[in-house]
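Naming follows writing order (A, B, C, D and E), and every chain is counted from residue 1.
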Amino acid sequence: MSFLAAENMTGGYGAADILHDCTLTVEKGEIAVIVGPNGAGKSTAMKAVFGMLHLRKGHVKLDGEDITGLTPQDRVARGMGFVPQVNNVFPSMSVEENLEMGAFIRKDDFHRTMEQVYDLFPILKEKRRQPAGELSGGQRQQVAVGRALMTQPKLLMLDEPTAGVSPIVMDELFDRIIEVARTGISILMVEQNARQALEIADKGYVLVQGANRYTDTGEALLANPEVRRTFLGG
Amino acid sequence: MNMRNILLFAGMALLIVLEGSTTFGGLFGGSWNTALFILNFGLLSAIMALGVNMQWGYAGLFNVGVVGFIALGGLAPVLIATPPVTEVWTTGGVGRLIFALIVGAGVIALAITLNHRLRGKVRLVALCVTLIGGFFLYRALFDPAVEVIEAFNPATNSNLGGLGLPVLLAWPVGAALAAGAAWLIGKTALGLRSDYLAIATLGIGEIIIATLKNEDWLARGVKNVIGIPRPVPYEVDLQSSSGFIEFAARFGADPVVASTIVVKLLYAVLFLVVLLVLITASELALRSPWGRMMRAIRDNEVAAEAMGKNVTGRHLQIFMLGSAVCGLAGAMMVTMDSLHNPGTYNPLRFTFLIWVMVIVGGSGNNWGAMLGGFLISFLWLKVESWGPAGLEYLTSGLDPASPLREHLKDSAAHMRLIALGLVLLLVLRFSPRGLIPEK
Amino acid sequence: EDIKVGVILGFTGPLESITPAMGASAELAMKEVSDSGKLLGGSTVTSVRGDSTCVDAAAATAAAERLVTTDKVSAIMGADCSGVTGAILGNVAVPNGVVMISPSATSPALSTAEDNGLFFRTAPSDARQGEVVTDILKEKGVESIALTYTNNDYGKGLAESIQRNFEAAGGTVTISAAHEDGKADYSAEVGALASAGGDVLVVAGYVDQGGSGIVRAAIDTGAFSTFYFPDGMVGQKLNENFGAELNGSYGAYPGTDSQGAAIFADLASAAGIDPTSAFAPESYDAAALILLSMAAAGSSNSADFAGKVMDVANAPGEKIYPGELGKALDLLAAGTDIDYEGASAVELVGPGESKGNYQEILFADGAYSTVGYR
Amino acid sequence: MDLLNAVVALLNFVVIPATAYGAQLALGALGVTLIYGILRFSNFAHGDTMALGTGFVILVTWWLQSMGVTFGVLPTAFLALPFGIAATAAVVLLTDRSVYRFYRKQRAAPVILVIVSMGVMFVMNGVTRFVIGVDEIRFADGAKFLINANEFKQSTGLAEGLAFKASQAQTIVTAIAVVALLFWFLNKTRTGKSMRAYSDNEDLALLSGINPERVVAVTWIIASGLAVIAGTLYGLDKSFKAFNYFQLLLPIFASAIVGGLGSPLGAIAGGFLIAFSEVGFTYAWKKVATYVLPESLAPDGLAQLLSTDYKFAVSFAILIVVLLFKPTGLFKGKAV
Amino acid sequence: MIIVEDLHKHFGGFRAVDGASLEIAKGSITGLIGPNGAGKSTLFNVIAGVYKPTSGRVVMDGEDITGLPPHDLFHKGLLRTFQIAHEFSSMTVRENLMMVPARQSGETLWNAWFGRKRIAAEERALAKKADEVLDFLTISHLANERAGNLSGGQKKLLELGRTMMVDAKIVFLDEVGAGVNRTLLNTIGDAIVRLNKERGYTFCVIEHDMDFIGRLCDPVIVMAEGKVLAEGSAAHIMENEAVIEAYLGRGLKNKVKAEVEAESRTHESHGAQPGLGDEAGQGGAA
């Protein structure tokens, strides 16, 4: 039984479906990466998994339990964390407060986690008192990921976490994601920096027009010349 | 215009027809006089709503100084159509007043030039000296001139009087007055955003009204000007004209009733012509690239600016246009009432109610704003009788002598606002983006 | 016949706290007539209320249209504020030929309005009150006054009249400052008034509006200790709000030494109406005048009885006081002339407005009482 | 001596009244600014909420007084405050349930909520009048003055009196305490921060496990508390009249906006700015000048910059000038 | 083409751009790279007139353009895209493109009322052009979609599309690549080269994808902490120690680690290496 099993998801924002029988599964401690052209429905699929989209068909199971009917809030309580692609910080709150909000559901002392986030993204420590809305694009992205890490989720979902971050930070970030996964946390991630992402992925999905096109290990997808040419930019 | 919208307008028309033709258990007036009055009022409101919709719906400008522009427009009929007070001209009051105003304008012009020419500390000092000195100089010239004017016959005049021209001329003049004020305001305050612009315009509205209330030489201030000439004949004249009596007799109508209805119809025609011109112009504009540009600006100013659109310039343009339309409506309203009554201009009635019209109708959509204008004015005027009647009905089960019923009956007048509020909430509940939303 | 009389007052809006008493007083007169069963062969009188809002000319006009064209009222008792009164007069009353008697519109401009002989008012004009104020102040030896008025046609007109008269009599007006009703705070006004100084502060406002606010702040800051109260300020509320703090202050409001006022006070109190509420007596009189003129003309048609209003209100004839409407109807039916005095000693002059009789009041021991008449 | 008189006159007619009035406005503005800051719309019903809440307080005060309960030198109304707040909060929460929540779910534009709040305003307006009527009501008891003008004159021998009312002191102290409390609450407590987070980015707040309904409810409860406190203090100082509370709305909004919407400190600053510009700029300097200047220079006129007719105009003009230099208010407010 | 002289932009006490001087040669495709927060976007914003500089000058073709409003710069042929997409969200994708060209005759009210014929013809031409652009960006199926409904990457494409609607002299691209599919990004790169070659556009490109920069740009300017750190050909820059230190990183790092730790992955628990995962694990178990 997979830790996360989102099966046969079909649905969309209005009349027309965006997702067609889309299936995503992630095992415990595994990194799964979704790639695909723009507008393929990757973000939509993530939202569907997180309960922010009405599904006409299909269901989402977490750790064997059906959570299809739960609100996003309840899913947070069950250990899911999500970094959306856009609008992923609290712009008028300081960096530190953004991180605190990440830890909102935690009752324990989260200062150690915060220190670790600062270690991961040193620039954030410098800017801890600055409103997140005044940060540069890449810095914001770091805040967004940091916020999700503060939750200490069992399943971490990242929608293009490396968009706009510099190569050095990207490497650092992927590094840390591996580490996180190693502690048994599952990662579901959308990436356009697909080659780097697939390198560290246990499992890769290629999504096209809301449907699964290829599903394989990261290595295998990287090795597939068709996939490389059409979706990974050669 | 799709089927739904046509139905909505038809429904509105039906309401007015019902008001004219049936009492329906007290729900309607059953009088063509009230029906036509509501229609006329609705036409005026629709025009005001169109003006506000231009500013908010097209450009996202949060103008809550509407009342100021309406009031300014309302000044025009007094200045244009009332007979001149020759005495104050001959005693030289007016001459001195004009001189004072020119001096005042000169001081401001000087201050602006200094502001551009000079730099640093010198500028500050020079500006202060000019403005403060200028202010006292102006007051020294202005106050005695005003005294002369206001001293003349305070019971009925104490003002400049008007030019004695046909009152219809006052309509474009009212629009121009409002547009002029809008230009001044736009130049200074349009850089502000959302609610900050709102409070600035609100303030300017209050300033305009304070001026109208307190500057008696202009239009008698709070002492009101009554009997402003009308563009349509007087009822009593019709009633005494044999031609009209015959005309009325041909319809088997009582000359009194006929005269009041004919007069209202004439107003309705005048207003309708104006409204049709305005809505045609608005619709053409909105559907052109100009409209597209305005929507882009409203949507995202930063991006529009980066795409080469002069956001400030366009804002100024639309601000002036919308204000001009409000001013026009103000002039029309004063013409219909033949009364200039600055005490009547309160923001609730002439700013927020207009906003309610626009939002309930559907902002960004001319037809919506228009419909909202009709509907809300209908309600505004009808709840006055619905409220107490509704309460009467509700309490009819209670013992007539019960103190609760007494208490409620005494407060019946306050049902007016409750009824209005409830209807407003209901309409917005069922069409939260307005009755005819922007597509 | 069921005769309908419109009562148009600002039941909502800035005057909402005095209009209930005004409306009730008018209806008191109607009930008296109805109950007597002597009007036009036993006709009953029903009141139809309309809300003038006091400030919104359109709403007021619409209400009047409704009364006249839907409810078919024979006459209108109202309106209250001069602005809306002018609007209703021009747009509804005159075109439809309906008689209108206002209990409280005091603007002098209404005197010259085109009214086709249909408009009357039981409130005295501002001009007369200016003289009264000056007389009283001068008798008390007051040399300088500070003046504040509510910023509408009533206040402004009255203030101008007081200033003109007082200055003509050799007094000084140190300042004449407007105040807006219903505002949050009057410190600025009181600051200016205090700075200007003066022996007495004349408050030409409304007792349950800004006027009281001004007085409150003036007393609290010690700016003035003696006040003069014109008609809009005199009311039970003054005693309630200030009591002994006003000892030594004075004023005057419409009324005569005739029994009228006292009778009305009893009548109204019995009916649960505050008789001292501003313009309540005038409202009673306005309604009574309408009905008595109908009786005099023998018709409830405005065109017929409009001409009778002045006859009924003025001498010669037997004096009629509140509570005697039945008697008056009898007299009229018998063809005897009457002179309606009513609650406010009505005497209509000029183009149909009250001549204005005033009773002078003085505060002592925390309440005011009448000390003389003018 | 004359200098002292001048100072006392200025204190008595400008500084103290303006400070007290400023505090009154600030208290009202705090409620408006809170709703704007968290729920992102201008709540037009706030003035009427103040009126309704004060109505409840008055009813309870009367009841307490009839039971013979008083509060010593403090007004009895203070004892009634908790009841008033509870009742008002209940009404307001009910309104939220039945009215506002629908639009929130729809993600309606702020301007729609503004208009909806006008609808609520109309209804509440009528309800208040049904409950407590339209008349002016005075319900202040307890000590009236801290410093009485006449006694001051007598004890100091100055020509000018100085008055400082207990209600003014209460208002000023409360305003400062409340603003400090609110500031602390919003910036330091978990709930406060979650409220700000919700206002910043609703979706993300959801993703962080913040319960939006709770945030909204807490906001309304605090706002009701603020409204009732503001309304009661205002009523104690001036008097209660439903219509006046409605009229208070404009200066309150002006204060909240010029201070910077969403900022509690801004509300205080805005309140004082409005109050001082209203009172200060139309002040007639004649009296002060007569004390300070030698006799020969004493002014004949009132030495008034503008007549009091223009006090609103002046305060609004100042407000506009401030906004031209600080486009989102004194304390960098929000803008939707 | 563009010369930036000792430019400063301070926010309060913070120096986002701190004395940057650089030159963008006519006809070049200049790359601008640097760590997050280096001040690249701020520099763009100053050049494009969104921010007024604290001090310094911007010169375009010999003309001082410092502090001109964005719309004036647009008319001078300076276009830019935004890092965080600024689409007109309530308008359709096609309208987003059609509104771009300047001086459309339909943009005056007079013509809107009285020149309907002329407008109609112009509109047809514009629509055709917009459709071509959409085709090129592979989003022609979205022509009538509200721009606000686009996916993150599609919005970036639209940003780019707007610059293709008019003939620009110089185009500033702020991370067009972020969030764009790499295959499509290659096509975009080709298009940039083509516009550069065929129409003579000058480009200045901010990007964090070094493949893209390497393929397209010459020269490359590196910014760090508000200053210019290095400048040169792409190959040259990638060798520069300072740049590697501040920006590029060693790249291999995670791969190496990944391999080293691949063995331990099967183990349930692992050493006392302090890290996020560690504590997260505890949290998860709790």
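We adopt the following convention: contacts are C-beta pairs under 8 Å (C-beta built on N, C-alpha and C of every residue); 3 or more make two chains touch, one makes a residue touch a chain.
For each chain, UniProt lists the protein as follows: A, E = ABC transporter ATP-binding protein; B, D = Branched-chain amino acid ABC transporter permease.
Keep in mind that this is a model prediction, so the values were computed, not measured.
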> Going by the contact rule set out at the top, which chains touch both subunit A and subunit C?
Replying inline: D
> Can you name the chain that lies farthest from subunit A, using the mean of each chain's Cα atoms as its centre?
Replying inline: C
>> Between subunit B and subunit E, what distance separates the C-alpha centroids? Give it in angstrom.
In response: 48
>> On a C-alpha centroid basis, what's the spacing between subunit C and subunit E, in Å?
In response: 74
> If you average the CA atoms of subunit A and of subunit B, how far apart do the two points sit, in angstrom?
Replying inline: 54
>> Quick check on subunit C: which residues sit in contact with 2+ other chains?
In response: 16, 20, 151, 178
>> I need the residues of subunit B touching at least two other chains; which ones are they?
In response: 213-214, 414, 416-417
>> Residues of subunit A that contact two or more other chains, please.
In response: none
> Which of the chains are touching one another, listed as pairs?
Replying inline: A-D, A-E, B-C, B-D, B-E, C-D
>> Show me the residue ranges of subunit D that touch subunit C in the complex, using the header's touch definition.
In response: 9, 12-14, 17-18, 21, 24-25, 129, 134-136, 138, 145, 149-150, 153, 161, 163, 165, 234, 238-239, 241, 243-244, 247-248, 251, 275, 278-279, 282-288, 302, 304, 307-309, 311-312
> Which part of subunit D faces subunit B closely enough to touch in the complex?
Replying inline: 36, 42, 44, 99, 102-103, 106, 108, 111-112, 114-116, 118-127, 129-130, 133-134, 250, 253-254, 257-258, 261, 307, 309-310, 312-313, 316-317, 319-320, 323-324, 327-329, 333, 335-336
>> Using the touch definition from the top, list the residues of subunit A that touch subunit D in their complex.
In response: 50, 52, 71-73, 76-77, 81-82, 84, 87-93, 97, 100-102, 104-105, 147, 151
>> Show me the residue ranges of subunit B that touch subunit E in the complex, using the header's touch definition.
In response: 281, 284-285, 288-293, 295-296, 299-300, 302-312, 317
> Within the complex, which stretch of subunit B touches subunit C?
Replying inline: 23, 29-34, 37-38, 41, 154-156, 213-214, 220-227, 234-236, 239, 256-257, 259-260, 263, 333, 337-339, 341, 343-344, 346, 349, 380-381, 384-385, 388, 410, 413-414, 416-417
